[in-house]
Each structure stands twice: as structure tokens, then as C-alpha cells.
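Shared between the two complexes below is chain A, which has chain B as its partner in the first and chain C in the second.
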Partner chain A sequence: MKGGVFLKPAILIVGVYVFLKIVLPLFTAPLPASLIFLYLALTTTGIVIFATLSGPSTDAFFGPIVRFLTGEGQGGAAQGARIAVLLLFPVLVGWQTYTSTAPSDQPPAENRTIHPAPPGEYTGLSNPVPNTPENVMTGKGLYAAFCSPCHGGNFDGKGPASRGFNPPPANFSDPTTIAMLQESYLFWRIKKGGVGLPIEGMPWKSAMPRWEVELPDEWIWKIIMGEYDGAHQKPRTWE
Partner chain B sequence: MAVFQAVRANQEESMRTLGQVKPWCAGILVGTVLAAGSLVPSSGFAQESVSVRAALVKGALPADDPSASAWNSTPASEFPMSPQVHWPNRIQEVTVKSVKVRALHDGQQIAVLLEYEDPSQDPDDAAGLEFMVGDKKAHFAHGQPMAQVQGGPVNIWYWKNKDNNALDMNAQGFGSLKVQDQQDVKAKGVYQNGTWKVVFSRALSTPDVEHDTQIKPGDFINIAFAIWDGKKLESGDLKEKGSQKAVSSWWYFRADPPPDYSAYYYVALAVGLAAGFQFVIIRKLKKGATS
Partner chain C sequence: MMNQGDDPTGGTAGEQGRGAWLAGLLVFLALGVMPLVGLAQDVPAASATAYRDIPGLGSRNMVWVVAQLHLLLAGFVLGVPIFAWLCEIVGWKTGEKRYDKLAKEFTKLLTSSYATTALFGGILLFLLIGFYPKLMNYLADVFFPSFIVYCLLFLVETATLYLYWYGWDAMQDSKKGLHLFLGFLLNVFAFFIMIVPNSWATFQASPVVISEGTDLQRAWAATWNPTWWPVNIHRLIANVVLGGYICGAYAGIRYLSAKNEEEREHYDWMGYVGNFIGVFGLLPLPFAGYWLMREIYQYNQQMGITLMGGFLSWLFILQAMLIGVLFLGSNYYFWLGITHRIPGSEVKYRKPMMAMLIILLLCLGVWMTPHSLVASLEEARKMGGTHHPLLGVFGVMSAKMTVANLMILVTFMSFIMYWRAGKEETATWAKVARSLMGGVLGVAAIVVIVLGVWGYFVPAIVRINYFSVAQVLIVLFVMLTITPLTALLLRSAKTTTEMVWGKMPPRAGYALVLNAVMVILLMTLMGYARSSSRVHWHIYGVMRDSSQYAYSPALGYAAAFMSLNTFLFCMLVAFIFWVATMGDKAKANDAGGKGHGAQGTLPAMAGGAPALDERK
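Let's turn to the complex of A and B:
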């Protein structure tokens, strides 16, 4: 069982790392590195507590470590490994210090709220235009003329004019955009445009035109119908 | 409670067996090595299409030479350009699809080089840089008013092939573009092999803080670009003019600060402390083993 004392903990730590880094992101969003570090630290702590539950297990766990670190009765490869570890530890500490204190040349992180709250007067409005095939068709035509250059003929946010804009135009076929918004929200966003956003939406960066100066409300409501139909999405409702 | 007491008893026993604190020291040491190893960051490269970095150089800036070899010493950032569709008069298709940007500064002056492909050299070919002025955020479309945020003006550095020099301008809303009384910006363009290279230069800071963007080394500020293909169409109109132009929205711009070596002092201190910590632990472990 020599060496086996560390084999299981090593397998456990590597297993936890692989699970957090590779397996879990298959089902959900990738974990931030700081959280993975925290889980690995907890796993290591758990292993140490488990290994020191009894006197003999403590000896079995720490004995080889102590012998390794003190170099007691070691020679050849073991002695080389010991020196490598003793050199590596200060180097890693130095590297960690460097990465946390070296001046950063990264631009400041931006926490832009993509769908900030609309002003009160734009909540709960219902589309006054009847949802008829003709109106949907008209809406799609208006969309093609006014919106598709940025938001794309396929409603995917990849229109020919989209490339230079940061943030990029919304992708309506993505279930996290218009599918989770109400029609009244879209009415506000189209009517007031990027400059109508509150500060958390960073209005100074948005290329979305303020369509109220060019399009009548009725056209905007028809465009909304055309957008949902074309992107195969349904507006969010209270029910 | 019984479990807790059992754990405690076992730990006391292990202390006696292996000598005081040494298992814990060893555990901390091994744990720290593992933890430090897992923290080594993955490599990241920030230069791509997010910001322009103006490198600090010694000696003269190539402020009036867009073809100077000094420009090759700094990497280019590349930004995609869109047709201006934000407000009328719009344009659906533009000649310039992307612009490469390089910048250098010497602690006093800054020079920014734009490089882009344009199949024809025309008198009305033009390019512009845009910055925010002061602390207030300004919309990238000429600092137009925002409904819920009080915006500020923009400072526009504009170059036109016909004059081959710069205009230093301000705007705060459509139709408010105004040439400044005090002109601080210089520009020079060179057309070669279907490519424009245009260099803009100015002092990093100016006394006119109300109208001019101030560039403080180390601080990130916003920058946007505009390019006009001034080709004359058969109809006699220019292909791109006024609001019909290629644009970008805001990106970041930073003049490098003077080198700061303090991080290396901290590293030396940290390495010394870590090595000392190791030394003390191992000495203690050795003493424990022989006692």
C-alpha cells in the first residue's frame, strides 16, 4: 500500500478538477476559475481532515511527506524530486505575487445590463395592432427595410451593417432576447433606441436608432409582430 | 459531539506521535503548493480589437511620417467598420470594412496611425478619430443627447486628403459640429498600393480641458473611428460624405504609463518569505524527527 496513501487523494483532486472544468460545463455555464480553486481547496482540506481522523492514519499520511521534505534516508530520484519541490514552491509563490501585483493592461471590465428595466409608462402595454397574417407580413417588410441591415435577414443579429458595433445588435433567434421580453419592452427599445437606455445599459455605446423620430407607432407594433414571427419566438406574457 | 471528541483525541495523539505542529505545517505546505499550481492563469491576449495601446518610446515620434519603420515596432489593433445606420442620412454599404490602428507616445506627444484599404485615392477621402471630453459619457454618434444620462461632448480629430492636415473639432448632438478656435491636432496621410496610412498627432494634454480630450498615461479612455471614401460617382455625388461614412462604436485607448518595477520588488519579497517559510518548517520537522 506504499504510495497508495497519496494515490487516492491525487485521483480525487484530479477527478474533482476534471468534473468541474470539463464535465459540468457540458450541462451548465462554465465555472469561474476562482470557484474551481475554492472547490479544490475544500477538497484538499477534506482530504487532510479525513487523513488525520486517527493517529495511525495521520502517521500514514504525513509520515511520507515529512520524510520527503526532510530528505531523511533519501537518495537519487527522491532527493531530486525533493529539491524540485523546494525550488518550485517559492517560484509559484513569486509567480502568483507577480500576476496579482503587476500593473494590468486589460481594459476595465464592463458590466453592461443587456435588458435594463424600462420606464414605467412602457410596462404592460399591449399591441394595439390585430395579429393578422397581413399585419405580420407588413411587419416583416418593415423589418427588412429598417431593421435587417443590423439585426439580419435571418433575425440572428448578423446583418451586413452589424460588424463594427459594440455591443453587437441583438440576435432575436436566441431564446434569451425577445423570447423573454414582452411586446411593450420591444416597443420601448425600438421607439427610444440606444440613447433611451438607462445608465446601466450604457446608452453611449448603442447604435440602435431612436425610431420614434422616423417611424409611426403603428409601424413599430407591426415590426414587433414581424420580428417574433420571423424569429420563431413568442412574446413573454404574464400568464 | 462524540465524533468531535474522538477527532480531537486522535489529533492530540497524532501530535504526540509526530511531534508538535509538524503534520499541519507539512499539510499547509503541500496544500499551498497544490493551490498555487491551480491558480496559474490561462494565457490571455488583450490586444485583439478591444483597445489601442500607445507604446511609450524614447526619441522622436514618427508624427509626420505614416510610413516610418518605427510604426512596425508596435502591434496593430484591428477594428471592424460598419456603415453609418444610426441616423439619417444612412448608408447601407461602405468601402472600408476594417481599420488597423497603431499608437506611440513619448510622454509629451501622442501619434495615432490609421491604416485601411481603399481602392482609389480621392481628394475627398477622409478619416476621423473621436474621443470623449471630460468625465461625462458621450454617445459615439457625435455625442447626441441621451434620454436618461447626461452626456458630454466629443472631440473629433478629422483629416481630409485634399488639405492633408487635421481639424480639431467638437460636437454635442447632430448638427453641432464645430471647428475649434485653438487647433492642436496635426495629421498627414500617405496613399500607397491601395492603402491609406494616416497619422494623427497632438500633445497628450492641452490647457483647453473643456474642448480637448486629455490623455493621461495609464488611464483607459474611449476611442471611435470614422472613414469616408471620397470617390466621385458618375452622378457627380461623392460615394461617402457627411453622415454617410464607415463608423465604429467606442473601443478603448490607453497610452502606456512609464515602466513600474514595484511588482518585481513584491515578487522578490514573496519568494524570500516563501523560501524562509520552507526553511523554518523543514528545520522544525528535522528537529522533531530527531527528538
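Let's turn to the complex of A and C:
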């Protein structure tokens, strides 16, 4: 049963990797390497914790590793394997270091803040337009005219023009987007557009037009009402 | 008629010459000073100096380090009396002298750490007055009445500490009640010493400024600002956690360096007490943190988003990692205790421990998953943005709150498992009680998860005000149900395996040290978050930062300072422990040298030997 000590952890790690890298993308979008690394690190941590819960399990887990690395009572193939591991390990570390620091034509992984903080003058604003069925309908009409080409008629970010943008237009039906925000936040984002994003949100890293040059404030507020209603979401409030 | 050379004042010619020279000098000085007077009028005096700096080091960096160290030391100084007082009460109620000894020895630390904290507070004050005179002038104008209160509190706290420490031996036996009351007073004054400066710091983040009224009314309005009480409660609990885990870390180090079985047994026990009190505080801490963040968000949307969705939101992923390690470390220590202190229990509890570990890791995986993922251009294209369509839902509060509650439940159950290990319940109703506890736990876990998922489909305010609160109440209900039930069960239980102290492996000691470092890192991390959430304001929306440092330091730069502050604090605490125990070590050596029973005279912070552990 000696092999069993390492077999189960190895199967677990490989299994988790295969699930995250191959199985999950069959049903949804692929995961970024940063997330896969995070989950694998947690899995490894769990294995080490469980293996070291008692003295016998610790010895069973680390004993063979220590004996292998120290060459205790080894000979023949085992000795050769040990030397190979001791030679290959620094090479592997060196290779990893080289690949992570060598110049590349790939842009670095970015850490864009999707919801940067709004300027002070926009915080605390409340929608001055009464929430009546007429105004909501007007808002939806304005949305259809100005917003749906990108954000989609179903408010899902899949308008006919959406495929041309990176980052893609926001999906309002996702409960983790506009449902987390107050109406005043949307007012700022619609009014100032991608150009008006602060540094943390990377200005120009959004094709959102600066609608203040084309739409009066009242229309923007109506569009916000139409958006929430159409996406079946409610804005964040404190009452 | 005056003659030439006569002095109208009666002086000689030589004297006249000196007088003229002096007069000329005065005129020269007067003329020389004239432009300065003119300049002084252009620039209205020294009060116009808004900032000073020390080139190279930077005023902000200096204040950052000193303020953080002061705060950590203050947390320690306020946490240790709570820890000591609780231990003293346990010792008094159970009659186990080792608890009393432990409390006394930790109180001894207060004398040196109290002075060190005050020293750093003084340095901080001088630096603030020197570097930010305009800001400090404003704060002094608003808070002067509370400055006086603060000074008075220090006086009574110091006097109480002296009485509590120096009167320890004198107030044993018949006067123990009085001594416990002094310990209570010490903690009450310490609490007020904490909340008064909290009002100054929270005022900077959520100011309440009234232009009318007396000085007292203005100060009171500024003190009772929206984030004052959330910070007070959060810090109070965090101080208990800090005190407990530092005690654990100290015990861990001493355990690793123990020279005989007696020391190993004692420090193993001390490590257990420290870890228990740390966990005791850790369980409600996320609730207090949640309340604080809610109040901040409600107070100002900009500040809330800066913290939770803006550039500081990555800190909360780091926070998740640190808290996760803390939960894992605390549970790991409990589990090691079961397998090493209670011989033969490994087989029985291995599977439950594995189940708990898996739940903890799954929860941690969810907690650490960011809403916006770090992805290359290619990966982001494939995902359709930086939000993953499936795992992106883990990145918001509904998911985080749910897994935090589940991790708290698991940690609580780890403790219950440890408590019950090695005992056989003999009560006739034991089976019913166990079923009831299992049912309560299972239903609670399911309801917490259901509320977490449901939280995505209701307005944010419903989730925040009702669902999250319900989750917290459910977890508290579980604790308040299972704890007394277990206590009742164990009252009539038969001990099947005696607990053996001093058999923990070295990694248990390292786990205790790791827990303490995690707590300190967490405090430095949240210190940066709280301070940076004001962005370019000294006092949010009232007084703008117009210095050269009116920008938020990058996260990497901040992380380096957090590490530095953690390291410096650990060194300071080590120094305090070393100083406080120096005399005891010398006494122990003397006693050993004179041949006075080396057995039973454990040095330093030992809290005594088994000889001292006997029941009264």
C-alpha cells in the first residue's frame, strides 16, 4: 500500500486540474490560469494538512519523500531516479523563472477595476424622475434606441455590435452587475462614458460613449429606470 | 554751554564711541529685520505651514510605521487585560491555580508593553504635530474636550493597572473579589481609552461637523459619527483575537524550545488556551467587519465602492487569504490536539476532520475568488470579459457572506469535537441530544446556503438588511444551542481517554506562530484599507490633502509596508516578552544554583509548573 500514500493525492491534484482545465470549459468559459493556480494551491494545502494530522500519517507521507531525497538505503534504479530528480528540479525552477521573465509579445495579465469609485459629486444623487409606468416605458424606448445595439435587447450585453468590443458591454441581467450599484452610479457611467473613468478603471478602456453630449440628464435617468426594469433587477438602496 | 568732549550723560569719549557703535548696530539690525517683517506680513506667520517633511524617508512613511505600531501595541495592551481577566475568572471559578498564574504573568507584560505603547503614542503625536500642523490644529479645535477626557482616562487606567498588578498577591483569597473588580475596571477604562481616539480616526473617515453650539456639543457630534461604533466593536473583538493568538504564539515558541517534559506540558496547555481565546474572538469578528463595511458604504457610496469594488477591493482578496489561513491554522491546531493529546482518537475522528477540511477549503476557494479575475488578453477574450460567466458569481458579497458563515460553523464544530473527544456520554438522553445537535447544525447549514443563493435574486437592501442578518443569527443560534447542550452532556460523561499534555508535534507550535502572524498581517492590511479609503482627504469631504503625498500608494508598495510593520511589531513583542521575563530567569537560575528544587520552579512566563497546577 506504499504507492497509495502518494497515489490518492496525485489523483486528486490531477483530477482537480483536469476538471478545471478541460471538463468545466465544456459547459462554460475557460478559467484563467490565475484561478486554476489558486484552486490547485488550495488542494495541495488540503493534502498537506490532512497528511500531517497525526504522527503515523505524517511519517507515511513524508517518510518516503525524505528517504528518497536523502538516498537512505537506496541502490540501482532508485539511486538513478534520485540523481535525476535532484538534477531536474533546479532545471525546472530555472525554466519556470526564464519563461516568466523572458520578453514576450503577449500583453501582461491585467487587473482592471470594473467598478471604480464615482466622483464625489455623483454620490448621493437620487433619480429625480418619478418611477411611473410611463417613464419606465419611455426609458426602455430610449434604451432600445441608444443602448441596445451594444447591451442587447434582452439587457444581457449581447447586442449586435457587442462582438466588436473588448471589454464586452456589461450584462445587466447578471445579478452581480447593476443590482450591486446605486442609480447614481449608473448616471455617472452613462453620462461620462469610458473616457470619464478614473485611473483605476483605466480611462478609454471602455467604448461606452460620453452620453452627456447627446442626451439630457432626464433621458439618462429614464434609461436607468428602463434598464433596471428590463433586466429584472433592483438598484441598491438603503431603505 | 557744553564743552567739546563733554558727555551730556556724563560718560567718557570711549563710552560715547561704544554707544554710537551699539546704536549703529541696532539701526542696522532694525533695517535688516524690516524686510523680514514685510515677508512675515506677506506670509501670515508660521501657522501657515501646512506640512513638513523629512526628505528621503517621507513624512507619510514615518507616520505609517509609527501609527501602525502604536495601533498594534495598543491592540495588544487592550487585548491582554481581557485575556488575563478571563483567565483569572476561570482560575477563580475552577480553582485551578495555573489559570491565575497565567493571568498574572500576562499582566506582568502590561507594565512594559503599556509604557512602550505610550511611547509610540507620544512619538506619533509629535510626528503628527510636526508633519501636519494644519490638520492637527483643526482636530484639536474640534476634539479638545475629548483630549482632556483621554488624559483623565490614562490617569485612572494607570492607577488601576498598578493596583491590579502590584496588588495581585496581596489580594488573593479573601480579597479576590476586589481584585477581580479591579480587573473589570481595568478593562472598562481600557475600552474607553480605545474608543476615544477611535472617534478621532473615524471622524477623519466619516466626519460630522456642526458649526453651532458649544465646544462640547461640537466635539460630541464629531465623536458620534457614523463609523465610530462599528469600529469600536470591530477593534474590541480584534483585540481579544490578537491577545489570544499572541499568547498562543508565545506558548508555541516556548514549547518548541522546551527543555523538559514539565515545560512541554505547560506550554502545550498555554498554547491551547491562547488558541481557544483567539478562536473565541475570531468567530464573531467577520460579523463585526460586515457591519462596519455596511456602515461605510451607507455613509458614502464613493468610499464604499473604493473599498469593495474599486482599487482597494483586491485587499479583500488578500484578506480572504489571510483569514482563510487563520481558520485553517486554528482548526488544524484543534485537530492536532485531538490526534496527539487524546491517544487513540485519530481513527474515530479522521473522517469528520477530512469532511471539515474539505468544507473549509471549498469555502475558502469561494471566498478567494475575485469578481474581476486576473486574466491575460486571450483568457479575457475567451471568458467574454474579466467576469467569469459561472465563477463570477462567487465574487460578490452574497457568496462571501455564506462561506464565511459556513467556515465559522465548521470551526465551532471543530471545537465541539475537541471538547467531546475522549469522553463517553452516559446520559440517557444523549442519543436524542446528539440527534438534535446534528439536526440543528444540518438545518442551519442548509438555510445559510439557501439564503446565500436566494440573495442573488432579491434587491440588495433585502439581502443586506434581512438575509445576511438572518445568516448571522442562525449561526449564533447554533452556537448558543449546541454549547450548553454539549456542556450538559459532558457533565455526566465518562472520561475514556485522559488528555495528555506535551505530546503535540513541533508543527503545532509553528501553527500557533503562524496564526499570530496572520492576525498581525490582517491588522496592518485593514489599517491600510481604512486609511486609504479616504483617498486624497485628510478629513473626508472637509479637509483635502494638499501635500505631495496626496495619492494612494500602490498595493505592492503598501504590502511591503504591511510586512515591515508586522516584522517590527513581532520584534517589539519579542523584546517586551524578553524584558518582562529577564528577572524570572535570573531568579530561576539562582534557585537552581542554590539547589532549591529545580523541579517546580519554571522560569519566566511559564505560569508555573504542575506543582502550581494543583487545585486549591
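As a working rule, the second predicted complex is superposed on the first by the 132 of 239 C-alpha atoms of A that agree within 3 Å, B and C clash if a C-alpha of one lies under 4 Å from a C-alpha of the other, contacts with A are read in each partner's own complex, and residues count from 1 in each chain.
Here is the rule we use: a residue touches a chain if its C-beta (ideal position, glycine included) is under 8 Å from a C-beta of that chain, and two chains touch if they have at least 3 such contacts.
All values reported here derive from a predicted model rather than from experimental measurement.
Once the two complexes are overlaid on the shared chain, A:52 sits against chain B and chain C alike.
Shared-chain residue A:179: touches chain C; no touch with chain B.
By the touch criterion defined above, A:80 lies against neither chain B nor chain C after alignment on the C-alpha atoms of chain A.
When both complexes are overlaid on chain A, the residue A:107 reaches chain B and chain C alike. Touch criterion not met for A:15: it reaches neither chain B nor chain C.
Look at A:91: by the touch rule set out above, it reaches chain B but stays clear of chain C. In the superposed pair of complexes, A:32 makes contact with chain C only, with no contact to chain B. Of the two partner chains placed by superposition, only chain B is touched by A:44; chain C is not. In the overlay built on the shared chain, the residue A:161 is in contact with chain B alone; chain C does not reach it. Note: residues 33, 45, 52-55, 58, 106-108, 166 of chain A belong to the chain B contact set and to the chain C contact set alike, using the contact criterion stated above.
In the complex of the two chains, the chain A residues touching chain B come out as 13, 17, 33, 36-37, 40-41, 44-45, 48, 52-55, 58-59, 61-63, 65-66, 69-70, 72, 85-86, 88-99, 101-103, 105-108, 149-150, 160-166, 192, 194-199, 202-209, 214. Of all residues in chain C, those touching chain A in their complex are 298, 300-303, 305-306, 309-311, 313-314, 328, 332, 335-336, 339-340, 346, 350, 353-354, 357-358, 361, 364-365, 368-369, 371-393, 395-396, 456-461, 505, 507, 535, 541. The touching residues of chain B, counted against chain A in their complex, run 7, 10-11, 13-14, 17-18, 22-23, 26-27, 29-42, 44, 46, 50-51, 53, 79-83, 85-88, 92-93, 97, 137-141, 144-149, 151, 218, 220, 246-252, 254, 256-257, 260, 262-264, 266-275, 278, 281-282, 285-286, 288-289. Residue ranges on chain A touching chain C, taken from their complex, read 24, 27-35, 38-39, 42-43, 45-46, 49-50, 52-56, 58, 106-120, 123-124, 166-168, 174-176, 179-180, 182, 184-185, 200, 234-239.
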